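The following pair of complexes shares a single chain, chain A, combined with chain B in the former and chain C in the latter.
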Partner chain A sequence: MSTVSWITVRGLFGRRRFLLLLPLPVLLVGLAVLSRGLGVDPTDWGPPVLVGLGLAVVLPVVALIVGTGVLGAEIDDGTVVHVLTTPLPRWQIVLPKLAVAAGVTAVSVAVPLFAAGLLADSVRLGVALAVAATIGALAYTALFVAASLLTRRPVLLGLVYVLIWEGLLSNVVSGTRVLSIQHYVIALADRLAPTNLLGTTVSVSVAMAMTTLVIVATTLLSIDRLRSFSVAGETS
Partner chain B sequence: MSEPTGVIHDIGYQRYTGPRLGRGHVFGALYLHGVRTAFGLGRSAKAKIFPWLVVGIVLMVAASVTAISSQLGEQIITYAQFADAMSWLVIFFVAVAAPELVSRDLRSGVLPLYFSRPLPHADYPLAKLLALVTALFLLLGAPQLLMFLGAAFSAAGMGAVWDELLDLLPGLLYAGLWAVVFASVGLLIASFTGKRAFAAGGIVAVFLMTTPIVGILSVLPSHTANQLSGIASPPTLVQGVGIWTMHDLLITDPDGPGVDLGPFGPLYALAAVALVAGCVALLLARYEKVAAR
Partner chain C sequence: MTTTTPTKPTATAASTLDLTEVSRWYGNVVAVNNVNMNLGPGVTGLLGPNGAGKTTLLHMMAGFLTPSKGQVTLDGQPTWRNPAVYRRLGLVSEREAVHSFLTAYEFVLATAKLHRLSDPRAAARRAIDLVELSAAQDRQIGTYSKGMRQRTRVAAALVHDPQVLLLDEPFNGMDPRQRLHMMELLHSLGDAGRTILFSSHILEEVEQVSGTVQVMVAGRLAASGDFRTIRRLMTNRPHVFAIRSTDDRALAVALIAETSVSGVELGRDGLTVRAGDYGAFTRMLPKVALARGVRVQQLVPEDESLESVFSYLVEA
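Right after this comes the complex of A and B.
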């Protein structure tokens, strides 16, 4: 484990506010257990819990908080200078941070999604959701790390993407789903475990290609941005 | 012991002899500053991007609704339904504005300066809350006014305009209810952290994670749980109060998938009042603690 990733992990877990991430996964499992326990039909509770809460809220929000936290917080309080002044190639700073962010997000989202998928249908659905959520975590965090290098308000920019683009627009104008990570994740999970619980209009091949493109492009963008990074003061 | 030889020079310090403005003026100044902050007025262009993005989208929706309505000659969305349709944008606006209002002051540690004025501890959070309520009300009320003007100019005769006005007023009241509930919840969450990024994330997480709970409760086998499900989440709680008080204005399609409240309408209103009162009480308690530090 490189020093950069070690610093990043400590930066994430060393603060009490990281505990704020716990309620979301716990709520996801809690609702799944409650519905299963009361004998509700999985076709009734599956879509709101698995997609409505799991893939549409928990995954992007956790990825947003973690993804903007690994680099954005250091930029915010100015300590990123200490990392930047070391003779490290920029990719050796971006990649470990991205790996930590994606790993933390994947663990805190894939585990409850696996449990919820298991309760809803089968082990296969659980594994499919966990795998798809892990890929989605990588894509989302790569996007949000890039956002934290492009603007001083990465969280708000990320919220615009999550709330307005994915939340509002994808439901009204279905064509925008082609550019929505949430629908790539749904398509992948549905391909790995075909059930009637998940459904999207995006094809699997498009989802695979676009996810790869998003991950590679935003990572390269982050490395490039960090190469010419200027340390500015607090903006209003 | 010798006599002291020092001399106190008069270097021209003067007492302030002008009028001293009291608590009311401090409150008014804080409130006005808060409303301007929510929209980024008087600040850099960067601070205006996100509030005005939301305002722009909301006004654009209202303008297109007005245009379509006047072309079709019938109302496609009532004034009250407009607030429901914009709920995600309202959440985003709260996530933008609430941290600007309170988190910056917490982070830069200027609260002792505020409380050294003739300003009781309760006034600071109340002025901020009132400012956020006003900003949200403007955000939801202005598009409704735009829709009203569009409908009024294409209406035939004064009678039709009067009917539109009677539709608009409950819609504005409903927008006020949205504003009060969302502002009190959002400001409370924002007041817990000095980091704007975390405050924004927390507000969105709280509002979004409660929505699926409603979805689950509404498919439970118990009929009572279905009818009470809306209480679990702020947007559906407000909607429940609206349906109870002005049913016809919110549910225009009698065969559509409406929300069934059963006999629990008053309970929804009570829950909304309790939610707002609880949030305000916690906010005041929070500022007692912050001010004491």
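Right after this comes the complex of A and C.
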């Protein structure tokens, strides 16, 4: 593990916001277990739990907490300066932080989604959801790491994207789905395990191309922004 | 790493920090206005009241702010968007943020590894020794006092033995003993050929650590150089000297006849003399005293303190 990754992991798990990662995945698995236990038809509970909660809420919210935590929290408290006053090329700071964020998000979300998919349908659906969520974790965290470097309020910006853009607009205005990571994840999962539980709206080719574009573009943007990182405009 | 001794910085090739017509503004507010500065080996104090632009200037020097106009270079290389300069530059910023979940040793060691030093453990131990934090190095930084955190940050900034060290208000939160130690450390770094710049709004700090000052007032570089020399150049204000002699009254009579003296006050503890020209007065005094058969026992320039220089500059 690189030194940047090590500091990032210690910082992530050393802050209380880490505890925010626990309730949503637990709720996801809990609802799936409850529905299965009560004998509810998977076509009734699958879409709202797997998509409505798992892919539309748990994945982006966990990615938001972690993605803004690996760099945004250090920018907030000023500790980022310690890493930046070293001769490391900035990509060697951004990539390890992104890897940690994507990894932690993927583990936090893919495991409960696998369990929920298994309970709803099959191992194949569970694996498909886990793989798609892992790819989605990378895209979301890349986006939120970039947001940490573009604005002083990355959490607010992230919430607007998740709640307003993805949660509201993409369900009303179909064209906005092309710019929704949530819909890419649904399309990828549906391709890996075709089922009527997910209800894809974007083609797989668009989903794959756009996911790659989001990951690459936001990562390059983060590296460039970190090169030009300015401390707050103090005049004292 | 070129350092071999555990507690003393060694001499290395000198580095120079240059600012050429540097300005920085935020909207309509000009924080730094057309500053030219050349910093070489030794300790320099960056002095000025709050809001004078010291921190903005330090941030531009450290590559954490782009000048709106002008250029900041370290050995000819721009500091902005150039991480390679951190091989030769260390920064202790004013914010006391440190990774509180790490121990001081872990923190300094991590910094040494980020600098890709050949022996990061030895470098971390040396830096921690330099700031006298060895006894507490295995405690979490979150449990430290403000002064200890500050020393931890200084250790991290020194771990790669930089040629240039920038410190923003480094004495904040330190107790007198820690302050004295830090002053000694800065002195020894300066003596070893490092370029040290520290900012402060506390005059005594600058006066004790550095004879060379850069005085910032309202974003401008108001004065630059040895603060005693700066004071002497300000001939529009009288210089005040306290003199004790074997015959104060006779000396007072003789001095008041001199054109370079604008006033003499005779007190219980000797004379207070106001002179317009520092050089002319100090050359004239021994001659006059000798001619009158008076022996000067003490001559102290009373208003050469940095505070005096600073207040003159601010009022100007």
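Couple of notes before you dig in:
In this text, the second predicted complex is superposed on the first by the 230 of 236 C-alpha atoms of A that agree within 3 Å, B and C clash if a C-alpha of one lies under 4 Å from a C-alpha of the other, contacts with A are read in each partner's own complex, and residues count from 1 in each chain.
The rule we apply is simple: a contact is a pair of C-beta atoms (placed from the backbone, for glycine too) under 8 Å apart; a residue touches a chain by one contact, two chains touch by 3 or more.
Here the structure is a predicted model, which means the values were calculated and not measured.
Once both complexes are superposed on chain A, the partners chain B and chain C fit side by side without clashing. The three-chain arrangement built by superposing both structures on chain A places chain B and chain C 80° apart around the Cα centre of chain A, to the nearest 10. Set against each other, chain B and chain C touch different numbers of residues in chain A, with B touching more. In the overlay built on the shared chain, the residue A:72 is in contact with chain B alone; chain C does not reach it. With chain A fitted onto itself, chain B and chain C come no nearer than 13 Å, counting C-alpha atoms only.
The intersection of chain A residues touching chain B with those touching chain C, taken from the two complexes, comprises 235-236. Looking at the complex, you find that chain B touches chain A at residues 43-44, 46-47, 50, 53, 57, 88-89, 91-92, 95-96, 193, 195-198, 200-202, 204-205, 208-209, 211-213, 215-216, 219-221. The touching residues of chain C, when paired with chain A in their complex, are 26, 29, 31, 50-56, 59, 62, 64-66, 81, 83-87, 89-91, 93, 95, 97-102, 107, 110-111, 113-116, 153, 156-157. By the touch rule above, chain A contacts chain B in their complex via residues 17, 20, 23-24, 27, 31, 34-35, 38-41, 44-45, 48-49, 52-53, 57-58, 61, 64-65, 68-69, 72-73, 76, 152-156, 159-160, 162-164, 167-168, 235-236. Against chain C, in their complex, chain A makes its touches with residues 3-4, 6-7, 10-11, 14, 77-79, 81-90, 227-231, 233-236.
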